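There are two complexes below, and they share subunit A, which is joined by subunit B in the first and by subunit C in the second.
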Partner chain A sequence: MLYREAGQFKASFAEDMQIFPIRQDRIAIGLLLAFAFFGIPLFASEYWFSAILIPFLIFALAALGLNILTGYCGQLSLGTAAFMAVGAYAAYNFQLRVEGIPILVSFVLAGFTAAAVGVLFGLPSLRIKGFYLAVATLAAQFFIVWVLTKFPWLSNNSSSGVISAQKIQILGFSFDTPVSKYLLVLGIVVVMALAAKNLARSGTGRAWMAVRDMDVAAQVIGIPLMHTKLTAFAVSSFYCGVAGALYAFCYLGSVEPDGFNLDLSFRILFMVIIGGVGTVLGSFLGAAFILLLPIFLDNTLLPTAHALGLPFSNATVSHIQFMVFGALIMFFLIVEPHGLARLWQITKEKLRLWPFPH
Partner chain B sequence: MKRIALAVAAAATLAVGSIGTAHAQAKEQFFPILSYRVGPYGANGQSLFGGMIDYLQYVNMKGGVNGVMMTWEECETEYNNAKGVECYERLKGKAGANSAPVFPLSTGISYALIDKSAADKIPLAMVGYGRTDAVDGSVFPFAFTMVGTYQMQATAIVKYLKDQNKGSLAGKKIAYMYHDSAYGKEPIVALEAEARVNKFELVQIPVAHPGNEQGAQWLKVRQERPDYVIFWGWGVMNQTALKAAQKVGFPREKMIGSWWAGSEEDTVPAGDAAKGYMSATWNVAGKDVPLVADIEKVVYGAGKGNLSDKSKLGSILYNRGVSYGVLAVEAIRKAQEKYGKGKTMSGEQIAWAMENLDLNDAKLKALGATGLLPPIKTSCEDHEGSGKIKLQQWDGTKWVVKTDWIDGNRQLVHPLFKASAAQFAKDKGITPRDCKKAM
Partner chain C sequence: MQFFFEALIGGLLSGVMYSLVALGFVLIYKASGVFNFAQGAMVFFAALTVVGFVGKGVPLPIAIVLAFGAMVLLGLATERFVLRKLVGQPPISLFMATIGLTFFIEGLAPMLWGDAVQPIELGIQDEPIPWLLERFDIVVSRFDLVASGIAAALVVVLAIFFQKTRIGRALRAVADDHQAALSIGIPLERIWAIVWAVAGFVALVAGLLWGSRNGVQFALTFTALKALPVLVLGGFDSVAGAIVGGLIIGASEKLAEIYLPPLMQAGFGGNFGGIEGWFPYVLALLFLLVRPEGLFGERHIDRV
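Our next item is the complex of A and B:
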């Protein structure tokens, strides 16, 4: 009843083309952002910032990066974690080796470095498709981690190969508390998500989707395949690179190449699949699902077991958590193969008709 | 959808949090235990954390530390850095300001917690693992690499080999085979320095995590024909290496593992192939240690033991877990001596105690812990406090200690720590405190 667009007329092209054409959506997203920027810092605890919100935003950004490549352009990639590693190590090295470089600039440069590496590993996509391409990007995953381990210069000859992220300072303000790091990450993620949304709606995005849906047809109508695929690789790796830099600087504080392993790549791929392939919202929903559900189960299973008097140990809870998590993934994939974002879309459509469906 | 999920999660966390605050009452010392009992290293974690928790239980059954009871909560990290950070943040909230030392038992998680624990003033115990340059307490006031570091251990092994070869290793070839992670890489600097000093040739052979495939590496061993293999493995990598060594015919007597590559979990699955294999250790195996025997009688007698598989009692890793418990509880006792007996200590007070710990042989004997730990005396300049190891050999059924305490090459290794810590301080903008004033 409340969610209805009756009476909202569009009088200009600009109004017709805005991201949220329905007023209620605009109000909701505005409220959500205001809540994220001003509400959450008021009452959330340190645990929420450091262990839940910051990783959630960073993984959402990485998932968004992969979604651009896999969801919008249809190129399956298993190298996401490696591109994140490139971003993390690049940001560290820019901070280390360029005197007085602003941290945001090194994040952007880290993104560009990752983009360059991404384009390099995107070259095989011009010849191979689907699962074969996935195997080719798998090479990126192993090669990049190997390079970071092999050349000590990249980790400033650290005896352990671990890099410790430098302090974050912007215009003399140092971001050292969890709240300030959260706000920094949130700001970056909001800007980049907006950019991704607009990119997807632009000519570039439509070219990606044309290639995804049928590359031969796209080529016939004059879309240059090489250019389109490589921009998708570049933009996607840029997002992953920035996510990796944030992962090192705002979340863990110190990272080693092994941390960016195939497991992480798979987790991000699952986020995209569960959240919704080819949607910006899906990246956020998927990250929330994959990241928060295990923590939620972990936090609730043990007290529940104690309350019921079941003799559960921590290890048992971990095993149960794996099982429940796996079962839920299968449930969602069977019920809604297009992901959580699609569920949300269906809900919206039903809401518009409610309470008088045809 | 997202907001609902957040709200539900928030409600759940609040509920959990309110249970947690019950722990933080007076007269209790809360241990945030970041354990791993599942995953690739779960078997090792069960013994280690089982030993540590059993000791805390034992202390409680004996009346606590001057009446202060030990409480703890476990959180499963699966040896995963991100999960470790989440667990740390979760348990930190429950511990409040009265946290006992955190033992992550993972080099990766320790690295991720260095900054956080310093900011929260919670002592981070990295006993036999973790960031080794934290030996320099002027830069790392809340991180404690107690008992020994990888570098000291590696140099002590070299010293042993030197003694075996009539005081000279010149012209020998030593292969260093390691887990290709922070854990395996840390000793390389020290070994390279030793190679220069003692004129032996060092061959480095990395093994990728998790290390259950080592065919190529042992082929290299066969080509290089080293006199010795120093072996820095962990988990499944260890038994694989022993079997592979048998296959290529490398004598196990010339293979010396680190203290994380020398437990029953490594040798028993390797069966026959493990016989003669040597490793470093700082604690003996077996139930002959009076403390371990007493734990079996008191804690397991009352049915309160933590191990589900009682046969692990008295294993190398179990006894090491007990030694962790001893270190933590003795630090709490020391802190109480200074800041008030029978009171709950803050993280800062325990950190002071860990920096001024003096566990000599007499004290260890009084605790019944002779053989579990070398004598330890820490200070602000030296968070390590010992750096001694023993070497043990697997005789096919049990670990037999072969040597007395062997000291690592302090003159060679500690300046390296100092330089590395200074670099860290520069990167992070930390002003090192003055150790003379810290007393």
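Our next item is the complex of A and C:
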């Protein structure tokens, strides 16, 4: 009843091509954004900001980056965390070494640095694909973390490569409370998510999808393979790099190279798989799911076990977390390979017809 | 020079251990086209099961048999509940499913058996062989030698199994073309079950050897990651490739660890240890640029 697009006629090409063609979608997105910008800061507690909302947005951005590469362009990467690390360290160094550089500029430059590194490690993708590429991106993962640990210049000679992010100041206003950091991250993520959604609908995005579906066929119809794959690597790494910079500056404050380990890469990959491969919405749903699941398990398993009198320790809970993650990945791949985003889409299709399905 | 040989031999012998893990990957990949990322987790699971049974007072040989049983069960369950449902999906989905399986096993194993670091006693001393020490003044561990002997024996047995037996022929047929194999009456599901059981056995052997060397611990799962560059170097579908790749990776990472840091130190200053951590991957990466199908892999032709 509510979700029906009947009567919404598109009179011009621009209207037909707009990013949210259905009026209800536009209203919903508008409300959601208004709620995120104005509603949440009114009542969310400090814990919510610094432990859930900020990491959620940052991981969603990183997942979006990986989704561009894996979901849209079909190149599996296991080195996401390393590209995030490049972003974090690049932003730190730009702040440190360039006098008076605005923080947002250094975030963007960090993104470009990560993009350059991404292109470098994306070069093998021109000759190899599938598992082989996964191994090649593992090289990026281990090599980059090692470089960040061993070259003291990159972390300003701190021991074992730990960096402490500088204070964030934009136009004299300092972002030091969780709320202000949240708003900053939210602003960046919204802009970049909209950009990604648009990019996916553009010629570049269509070329990515053609390469994903079958690269030889894409090449035959005249899509330049090298250019397409490398732009996917560049854009993806740009997103991951900015996410990494935010991870260091707005979430943790101080990071070490080992924090960007293979485990983090896997977690982001899981967000993409569970959220939905090849959708912008899926990155957000997946990030929320992967982030909230451990918290949910922590809060439910121990009390339940105690109530039942089972001998559960914290270690057991973490083992169960591993198992649940693994089982969920397999479950989603078997039952719903397009993830949570697809479930949402099905709901929308149903809502269109509801309550008269014929 | 003598030091060089010592490092080389040490590297080659540890390379054999990588080959052992890589072998498990190759077996499953050959027979079902699944790139089983969970092989490392299976190694961990197998070793932990043996240790767990021994801890319960079961004698070692029986514990090994029981662990083999557990591996077969695990393989069968994987085939039945995960892979069979994913038949016909793109290989990359299967690959990601095995990543999920990895996490599942990494949670399951310590939950069943506890997560303390535990030793396995196989009764082989990790000491230099006196004869070599006297003759050539080279330190070669007896344990490494025995381990590589076992690995070599395993490879020979597997090669005979693949080439000469009925099941081996069926396996190769399945690897070649699932549908064609089905149409001439080869039971696909039974073949896959056998492959997973054999891969479980290889994982068990690898787990025993690695475990008795470094102790059974979570870090065992990382050895599997080292097996990946071995596979890239050797080719995913070649048993011989897994062996040769393992030797190359093992030797080169040892030599790189010894000879590269001083060079880099001279160039940049600072401490550059830990090259072993990434060297195999970068080597594999460079190798991929030259020969994407690996040393012994079959060249793959894409058709639209």
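The rule is short, and it goes like this: the second predicted complex is superposed on the first by the 321 of 358 C-alpha atoms of A that agree within 3 Å, B and C clash if a C-alpha of one lies under 4 Å from a C-alpha of the other, contacts with A are read in each partner's own complex, and residues count from 1 in each chain.
Methods note: a contact is a pair of C-beta atoms (placed from the backbone, for glycine too) under 8 Å apart; a residue touches a chain by one contact, two chains touch by 3 or more.
Since the structure is predicted, the reported quantities are computational estimates derived from the model, not experimental observations.
**Student:** Touch check for A:Ser45: first (subunit B), second (subunit C), both, or neither?
**Tutor:** Only subunit B; A:Ser45 stays clear of subunit C.
**Student:** With both complexes superposed on chain A, which partner does A:His319 reach: first (subunit B), second (subunit C), both or neither?
**Tutor:** both
**Student:** Should A:Glu5 be classified as contacting the first partner (subunit B), the second (subunit C), both, or neither?
**Tutor:** neither
**Student:** On the A-aligned overlay, A:Ser159 touches which partner chain: subunit B = first, subunit C = second, or both, or neither?
**Tutor:** In the superposed model, A:Ser159 contacts subunit B only, not subunit C.
**Student:** Should A:Phe131 be classified as contacting the first partner (subunit B), the second (subunit C), both, or neither?
**Tutor:** Once the two structures are laid over each other on A, A:Phe131 reaches subunit C alone.
**Student:** After the superposition on A, what does A:Glu15 contact: first (subunit B), second (subunit C), both or neither?
**Tutor:** After superposition on chain A, A:Glu15 lies in contact with neither partner.
**Student:** If you stack the two complexes on chain A, which partner ends up touching A:Asp213: first (subunit B), second (subunit C), both, or neither?
**Tutor:** neither
**Student:** After the superposition on A, what does A:Leu340 contact: first (subunit B), second (subunit C), both or neither?
**Tutor:** A:Leu340 sits against subunit B, while subunit C stays out of touch.
**Student:** Residues on subunit A in contact with subunit B in one complex and with subunit C in the other?
**Tutor:** 149, 315, 318-319
**Student:** Going by the contact rule set out above, which residues of subunit C touch subunit A in the complex?
**Tutor:** Checking each residue of subunit C against subunit A gives 35, 82, 85-86, 89, 91-93, 95-97, 99-108, 110-111, 115, 225, 228-229, 231-232, 236, 268, 270-275, 277-278, 281-282, 284-285, 288-289, 292, 302-304.
**Student:** Residues of subunit A touching subunit B in their complex?
**Tutor:** Residues 32, 45-48, 50-52, 55, 96, 149, 159-162, 164, 166-167, 176, 251-254, 256, 258-259, 261, 284-285, 288-289, 292, 295-296, 298-300, 303, 313-315, 317-319, 340, 343-344, 347.
**Student:** List the residues on subunit A that touch subunit C in their complex, please.
**Tutor:** Residue list for subunit A touching subunit C: 74, 76, 123-124, 127-128, 130-132, 134-136, 138-139, 142-143, 146, 149-152, 214, 216-217, 220, 262, 266, 269, 273, 315-316, 318-330, 333-334, 337.
**Student:** Going by the contact rule at the top, pick out the subunit B residues touching subunit A in the complex.
**Tutor:** Touching subunit A: residues 1-3, 5-6, 8-10, 12-13, 15-16, 19, 35, 37-38, 42, 46, 74-76, 78, 81-82, 85-86, 89-90, 92-93, 107-108, 111-112, 114-116, 119, 131-132, 180-183, 185-186, 188-189, 206, 209, 308, 416, 420, 424, 427-429 of subunit B.
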